[in-house]
Structures are given as structure tokens and as C-alpha cells.
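Common to both upcoming complexes is chain A, partnered first by chain B, then by chain C.
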Partner chain A sequence: MNSFRFTNFLTSNIEIDQAMIEHIVQKCVTKIVEKGTFLLQQGDICQHTFFVEHGLLRQFSIDSKGKEHIIQFAPENWFISDRGSQYFKQPSSYFIQALEDTTVLLLDEAFILHLSKVSPAFLEFNNKLLHNHILHLQTRITQLLSATAEERYLHFIKMYPDILWRVPQTLVASYLGITPESLSRVRKELAQKQK
Partner chain B sequence: MNSFRFTNFLTSNIEIDQAMIEHIVQKCVTKIVEKGTFLLQQGDICQHTFFVEHGLLRQFSIDSKGKEHIIQFAPENWFISDRGSQYFKQPSSYFIQALEDTTVLLLDEAFILHLSKVSPAFLEFNNKLLHNHILHLQTRITQLLSATAEERYLHFIKMYPDILWRVPQTLVASYLGITPESLSRVRKELAQKQK
Partner chain C sequence: MKTRNVEFIMAPRQPHYVGDGFRVHNFIPGSTRTTMQRMNPFIMLDYNSKFHFEPTETPRGVGVHPHRGFETVTVVYKGKVEHHDSHGGGGIIGEGDVQWMTAASGVLHKEFHEKEWSKKGGDFQVAQIWVNLPAKDKMSTPKYQTLLQKDMQKVSLQNENGYVEVIAGNYEGTQGNASTFTPIHLYNVRLKKGASLPLQFPENYNTALLVIEGSIIINDTEQVPTNYFALMENKGESFSIKADEDALVLVLSGEPINEPIAAHGPFVMNTREELLQAFDDFNRGKFGYLEE
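Right after this comes the complex of A and B.
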């Protein structure tokens, strides 16, 4: 079982005994996927919340002109899911794909709901995850509406300190909602400022 | 007590008995505010989730250049809050302001948590609200990243059928993340298509 990071994450974030943590970890399925594999396809109902043990995932949409737009990256210790689709059992607007060979743990919605009912500590934990997700989404909207390309880039490297070295620049530009040319310009300008 | 819409909303969306609904409604404070009043200021910790009984609210941020960006409108039957700030007790990035004379019901986080623990039905209800909020935020991000001005406008009038007639066009443009000139152009083009 590759669940070292998940066990650690639970131990640090949820006040329940070790036996319960082991029960949760044992109930989760571990999946090892190759770079390029899709864990969710647009139009499908998202069945799981994924926790990244090792590797890197991305969540993205494809617009009517066929252009990709990255919504989220998920490196080690991140959760990723279309929680709206998962909860309401409605077709997802997103793809989730491995950008590296990746090990994920799969949590299904029924199990999350069950744990929330039997364990007040898990209810608090899931609440924390949901609110954290909301916080991220809100920040993303504010950034897209009001931040300059430089501000978006600086926020990005703070949130994802190592992704810049793990993915092509075009994917970073797609996440930031700017062109790869704008991203190059921003990086050059920041490098000059630091001289 | 002005809680006709809230009582109806609960009755339609939560499977609990009438006595419990009355208990919830009685615990909520009703507030009547004049047009222009702020219910949340940037930098403050958001204390409540607001349910709009009557009137109209907006949630917005102000960027480093002093420009306003509208995140959400909340007409009758909508909830509005900075749930991230409310949950994590951290300063909000947003303002919530009345765009019309408005009657709101105030739900505080402690009461929401308490009800989630004592009533499995309320837990389900709050979960539904949180996931619905996530769905809205995700759609907003996808729209901002990938939709054309026309697509954003069409989505807007579907989601908020009457807001166009209740607020100045500059506020609609601010929500859509486009200039008022682009909004005028889109509306003109759509009107011509319908001829």
C-alpha cells in the first residue's frame, strides 16, 4: 500500500484515533497510473476524490474552439476532484489527467458521507476540505478578474513552488489564463528586477 | 418576522419536520438594510451567511488599482457569504453590499455547525449548499478562462434572469469581466441576430 502521505495528512489534520485512520486508509483504493492517463473524462460523472501520494495531476476543460484551460494542478499531498459532479451525480465539465506517473488514493462520495455521519471529527475534517476548496476557487476567481499577469504568476509560484520545473511553460500559461508569450515576458521582467 | 422565502426554501430543500424548521428560522436574525449598506467589509472576518428574503446584494473585491470586480449577485432566495473567511476566521478579501433596500436572514457558522451535528438532514442540506457553491465557483472559473463575452452574457442572463433590469450595465460588465463597451456590443449583436 502506497499511503504514507495520506496517513500523514490524516494524522496531521484530523483528531481521531489511529485505528480509525487505519480504517479510512484501508477503505481507500490505491491506483497507480501512467503519465497521460485520464482519471476523469468530460461528460462522465466524477466518482472519486483523488489524493495524490506521488506524482502530478491536472484538471482542465476544453472550450468550444478546442483550447485547453487548466483549472488546477495537484502535486503530492493535494486533493483533486470535481466535487460538484461527484455530489450531484451530474456530468463533469472537466478532465483529470496524470502529468507524471502517479499514485493516487480514491475516496468515494458514499464513504465520505458515511464517515461524516459516524465521526464528528471526520465531519469537521471534510468541512475543512470543502471550505479550503471554496477558498481556493474564490482566490482563483479574484485573480482571474483582477490580478495582472505578474501578480498571477507570483501567486502561482507561491502556491505551487515546484510545478514550474515539472511541466511545460504552456501548461503554466494555460493555468494563469495568459499566453505563453506573456508568461515569458513576465518571467524576464521579474528576473531583471532581481538583478 | 420577514422569513417567508427562507421558510419556503427550507421546506423545499430539507427533509425535516416543521418544528425543526421553525426552530431554525427563529434562531436566525432578520436584518433590514438600506441600499448602499455594507454587510461585510474587506479585511473583516465574515460572521454570517446571508439569505436574501427581499432585495439584492453584491459581493465584490477592489484590486490594487482601485477597480471593483463583482464576484456574485444575490437576489431573492440566494445565499451569499465569504464561507472561506467565515469558516477559517480569516480576513475577507470581499465586500458584501446592498444594491437595493434589502431584507436578509443571518446564519452564523457556529449555528450551522451545531445543526450539522444534531440533525443528519441539516448536515445533508448544508453539504448540498456547499457543493452547490463549489459548482457555481467552478463554472465561474471556466467561464472566465474560456468563454467568449457573448457566452458569458448568455450564461449570466440564464442564471440571473432579472438582474439586468435591476442594476446599472457597468455592474453587469464588472461581473462578466468585460468592459461596458464590450457588453453593449454583445447586446447589440444578439439583438441583431434575433431580428
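Right after this comes the complex of A and C.
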């Protein structure tokens, strides 16, 4: 069964009957992608919201010098998409790529809009997800503008407790907006405090 | 003594890379018939079948990563592996050597092809087994046992038909050098073509064979070719392996640890809470620090 986590997520977060949940799950396409696969390319219009059933995705941009900047990781039970591109039908500035072999559920934008019309509970759920996303982005901005490397790291491990061992440290550094050397120093200092 | 039969024979799966230095076929827990629960205490088996690596100035391998709650046993058949860990340990193991690392409460380590070996390149062939620890020992102090080929306990077979190298446990009264937390027998068996070896383990011990070189026939009926894995039933105790060409076989047999398993990546604990604690301890540097 490739939608176990998604079904659980919906059941515990929306106040709607089981039949409706089954309808939503059945309407979603499940995709199994290999590590490295792109689910969204810069310049494309984002057509889906992705739910990670198993595996790990990242959303990132590439600057004019060719450097990658990770905006978000999405491990199991996370949603990821370019909401701006999806809603406003604008070309995306981002890539979404699998960092591991990943099973994702694809929620089509038209289906999300349809559900929001027919189900007040789903509308509220989607509204909550959107506000969660805004909260997440606001925190990201504050962190990137004013937090120290250590503060950023401590916030990161709270937000993503099981990512550090799954990806190269360069990717974590990219997410934190610090150099890999700074991340290494922060981790070394933390380890020394534990002694 | 009742005969123990083959439960099933598994072909090597499509290899995948661990880091860039270990091109492995996963046998445990890779199939629904070799889950951690079924194979316990052997909760993972990756096998880098013989593979030629080209020379390189930058050694291939796998960078710093954590482990908690079990032991990693690395058996080298070809090539050389260099390792370092967050407790200041490190070393090089070569052909015929075994490194038995008790990660227990947690280590960071890295494993690479040895530098000088990498410069020349060559055939590389290594098996890595993860051995589960009972709940009471999962948070014990990490330790290493380096079991060098020259010190390995060997039992020679009659008529120069081969030998049993006892890594852990015992064969016919000869005790291997590795100390283990639960009863485990781990052998490398070398047989000349036509030679046969009787083996016997308690019925409840989970028992399997991996054919490293050549080909064998189990109980005169089931052929197991190179790189194939055979899982034995948990009915009966004794079985025989016969080489139908010169063979080298890794034999694993261990008493199951009848405790719940909560596993995620390199952390194998008993409960979900312990797993979350393992993530947090690792993230916060409680496993120590190791340079990339």
C-alpha cells in the first residue's frame, strides 16, 4: 500500500468521513521516483502539490553563479510544492528533486480547488496548511536574517530531526545559508559541549 | 538429529552504491522473506560481490555516518578498507580480516578504500553484516574487535579438503576470537571441489549461507551458485554443504533476540521513542565528532 501515511495524515488532520478520505486518496496519483529525479523544473508551471509517502525531496533554486540554495526539505509526511507558481500559473523559480528513491502522492491543483468548494472541512484543512507554510517561511526569513549559525542549526534539527544522517552536510549548509565549514564548526562545538 | 532444509534461495538483487565505494547487493532486510524480525540477530546483510575499481587518487567510500543499537561486522575478501570513528579508533583491514564494531550507544564512523590500495585499484569484495544487540546492551559503550586473518581460528578438514574459519561462536569445539553479546556462529568455509561439510545449529537459530566463491549443493539437493544466498528453515538442526566447484561460503547462525525492533536507517532500537532519542542525540553531537 503506497498511501498509508497520506491516509493517516488526512484522517488525523481533517474532520471528514472515511468515504471522503478514500475518495481523495483514490484521486491522487502515486509516483515512485528514483533518487535524482526532478518533479519540478525551474521555468515550468507547478501543477501539483506533492505529499511524501516515503523518501526525501528538496526544493531549491540556482543563482546566477550556478550556486544551489535549498528552500525546503520534504521527508515523510511533508507536503511540498511551489504554491505561488501553482496558484498564479506563473513559471516557477524552483526545482523539486528527489534526494532518495521516493514515493510521492500527486495532488492536482484543479482537484484541490474542487475539494475546497465541495467540502468546508477540506477548505479549512487547506487553509491551515497554507498558514502553516506562511509560518514556516516567516521563521525561515527571520532565521536567515538574524540568527547565528548555531541557532539556525538547532532550529533545523528540531524541524527536521531525521535529515542530517540522510544527506551530505553540504546540503544542510545550503539550507541554513552557511558554509559547510561553519556547519562543521557548529557541530564540533556542540559535540564538545556534550562531553 | 533432524535435517534442516532450505527455506529459500535468493539471487543477488540489483546492486546499489553505499557512498561511492561499496557496490552492494542487499540480502537482509531486502525481501519480505528476510525481514529483520525473521533474520534476527542478523538485521542487515550487504554484499559487495567481486567488483573491479579503477585506480583513483581520491579514495572511494562512505563518509561520516552514525550507528546506534547494534554491531557492524565487516568481512573483507578482496581489497583494503580504512576506517575512522568518533572515539578516536581507526585502522586498516585487508584480505581475510574482519572488523567487528559494537556501535551500541553510538558512534560516528567513516569507511573508505585504503589510500594506497585506491591508487592501484583492483578487485574489491566485502560483506557487511549488522548484528542486533539485546535491549540491555543497546546503550553499552562502543568498542572494536579487529580480527586479523593471521590470528583467525581454523579447523582443517580431512584430506586437505578445506577448512572452517571460525570468526565467532564455535565449530566442533574450536572457538572464534570475536566476543558476542548473544550466541552467534559466523564462519568462512573453504571447500575443495567435491568436499562436503556437515553443519549443525540449534533449531531456533536463524541460519543462512552466502556463497562468496564457487558453488555448493545443500543436503545433496539444492544448488546455490556464486553470490546467491540460502536461508535455512527453523526446523531440524543439521544440514550438509558440498562444493560442486572450489567454494568459499559465509555461514551465519544466531539465536533470535525476541524483542521488538524499531529501526530507521542507521539506528536500530526497540521502541519509537528510543529512535527519536537516537536522532536527537546524533543531531546534538552526543555521538561525538568526526571530520569529514
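Here, the second predicted complex is superposed on the first by the 194 of 195 C-alpha atoms of A that agree within 3 Å, B and C clash if a C-alpha of one lies under 4 Å from a C-alpha of the other, contacts with A are read in each partner's own complex, and residues count from 1 in each chain.
Here is the rule we go by: a contact is a pair of C-beta atoms (placed from the backbone, for glycine too) under 8 Å apart; a residue touches a chain by one contact, two chains touch by 3 or more.
What you see is a predicted model, and the numbers here were worked out from it, not measured in a lab.
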{"item": "Partner chain in contact with A:D162 - chain B first, chain C second, else both or neither", "value": "second"}
{"item": "Partner chain in contact with A:T11 - chain B first, chain C second, else both or neither", "value": "neither"}
{"item": "Contacts of A:L144 with chain B and chain C, given as first, second, both or neither", "value": "first"}
{"item": "Touching partner for A:Q41 - first (chain B), second (chain C), both, neither", "value": "neither"}
{"item": "Touched partner set for A:T179, first chain B, second chain C, both or neither", "value": "neither"}
{"item": "Partner chain in contact with A:H131 - chain B first, chain C second, else both or neither", "value": "first"}
{"item": "Which partner reaches more residues of chain A (counting touched residues only), chain B or chain C", "value": "B"}
{"item": "Complex contacts: residues of chain A adjacent to chain C", "value": "157, 161-162, 164-166, 168-169, 184, 187-188, 190-194"}
{"item": "Of chain C, residues touching chain A in the complex", "value": "63, 65-66, 86, 264-266, 276, 279-280, 282-289, 291-292"}
{"item": "Residue ranges of chain B in contact with chain A within the complex", "value": "61, 63-64, 67, 69, 71, 82-84, 87-88, 93-94, 113, 116-117, 120, 123, 127-128, 130-135, 137-142, 144-147, 151, 177"}
